Amino acid sequence: MDKDKQIVANQIGYLILKDDGAVLESGGDLKNDERSANIIMGLLNLTESIDENFMPNSSCERISIDYEHHSYTICMSNRHIYIVKLCKNQNGAAPTTTTTSSSSSTSVYNDANEGSSSLVATNPASSTSSTVMA
Amino acid sequence: MSDDIKKYFNGLLHKVSGLYVIQITDRDGVPLLRVSHNQEKNVDFALMPSFIPTFTTACDQASKLGLGRNKTIISMYSNYQVVQMNKLPLILTFVGAEDCNTGHILALEHQVDGYLEDIKLAVTEP
Amino acid sequence: MEEQLEKVLSEIVTQHDTVGALLANRQGLCLGAKGNINPNVSGIGMAISEQVAKLEPNNTVPATICLYSGNKRCVIQKDGEITGIIYKQTATTSTSATN
């Protein structure tokens, strides 16, 4: 049997799609996962035109979707769409694209570059915003 | 050319989840373009003879409130929401589910302007 | 009425590299915006967060979505009825690979 392609060390699944959404390759958690593929195609369709004044249309080259214990990274290259599902190691070994500090609270988003929590205000765990979200 | 426009609006319709119909009419309600989901809810009411002229009247009245010209009217119902845009000589009507993303519909406004120009020409030409 | 909201938004835009921030309600309408961000983005931002929510519907903790384009980033997070959108821009293109 064909072995799953290993793109990065801590991957738990991957999908490679054609630009029309057809699944070319898949493996791990995302094996034959047409449903996720369709949702991600819908997402890419939406991200085409966000705000022309900030990001030119269709200029978005990478998308990351960050959950508590895992994350997805979506890259567009050469008319193909590469999706990798990554596991976040509890021992602090950093994934390639997104980093979490193991000590931080659950849903605080940690920025990949400077490690400052940028979405603190929409997080109910943060004391500053608890009154707003109530 | 008209196929092109129709295709574009069909794309928009599928982009916004919960949107049933996009239609472009003149101010009397004469349909110029209409795209809809085939199997979705029956929203033929949007083409009833009284529907568009009522919007035109409401829009004219709202323009008299002293806040400037009225651009958009959003109507919320228990099962539908209707967003109508005053793009005279055209009226742009969106009909969607009550929980449809209103903000997304409103954001389409400036995207469609280019395409509307072509249709406007067709309406204004004698 | 919305001064708490304004306060939070002001706090966000003072963060490092942050260009603008806005909050949207569940209709995709803008509740408040600060900095250099178009309030019309609330609709599409909300649509993106809804689309991503379909990916793992059983996951209770909301995902954080980050769109990268050169030295610019757009961060979106949905929490219950509210969606937050933040624009970030780094001075240098160190974020990721070029186009």
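The letters A, B and C name the chains in turn, as written, and every chain counts its residues from 1.
Rule of thumb we're sticking to: a residue touches a chain if its C-beta (ideal position, glycine included) is under 8 Å from a C-beta of that chain, and two chains touch if they have at least 3 such contacts.
In this text, all values refer to a predicted model and were calculated from it rather than measured experimentally.
A.B. asks: Can you identify which chains form the pair with the largest number of contacting C-beta pairs?
C.D. replies: So the pair of chains linked by the most contacts is A-C.
A.B. asks: Closest chain to the protein's overall Cα mean, using per-chain Cα means, please.
C.D. replies: C
A.B. asks: Per the centroid of Cα atoms for each chain, what is the distance between chain A and chain C, given in Å?
C.D. replies: That pair's centroid distance is 15 Å.
A.B. asks: If you average the Cα atoms of chain A and of chain B to get two centres, how far apart are those centres in Å?
C.D. replies: Using C-alpha averages as centres, the distance is 35 Å.
A.B. asks: What's the distance between the Cα centroids of chain B and chain C, rounded to whole Å?
C.D. replies: 28
A.B. asks: Mind pulling the chain B residues that touch 2 or more other chains?
C.D. replies: Counting only residues that touch two or more other chains, chain B contributes 15.
A.B. asks: Could you tell me which residues belong to chain A and also touch two or more other chains?
C.D. replies: Residues 46, 49.
A.B. asks: So which stretches of chain C touch two or more other chains?
C.D. replies: Within chain C, the residues that touch at least two other chains are 40-41, 44, 47, 51.
A.B. asks: Provide the residue numbers of chain B that touch chain C in the complex, in ascending order.
C.D. replies: The touching residues are 15-17, 99, 101-107, 110.
A.B. asks: In the complex of these two chains, what residues of chain A are touching chain C?
C.D. replies: Touching chain C: residues 36, 39-40, 42-43, 46-47, 49-51, 53-56, 59-68, 72, 98, 106-107, 109, 111-114, 116, 118-124, 128-129, 131-133 of chain A.
A.B. asks: Please output the residues of chain C touching chain B within their complex, sorted ascending.
C.D. replies: Within the complex, chain C contacts chain B at residues 24, 26-30, 40-44, 46-47, 50-51.
A.B. asks: Quick one: which bits of chain C touch chain A in the complex? Just the residue numbers, please.
C.D. replies: 4-5, 8-9, 11-12, 15-19, 21, 23, 36-38, 40-41, 44-45, 47-48, 51-52, 54-56, 59, 61-70, 72, 74-75, 77, 79-80, 82-84, 86-88, 90, 94-97, 99
A.B. asks: What part of chain A is in contact with chain B in the complex they form?
C.D. replies: So the residues of chain A in touch with chain B come to 45-46, 49.
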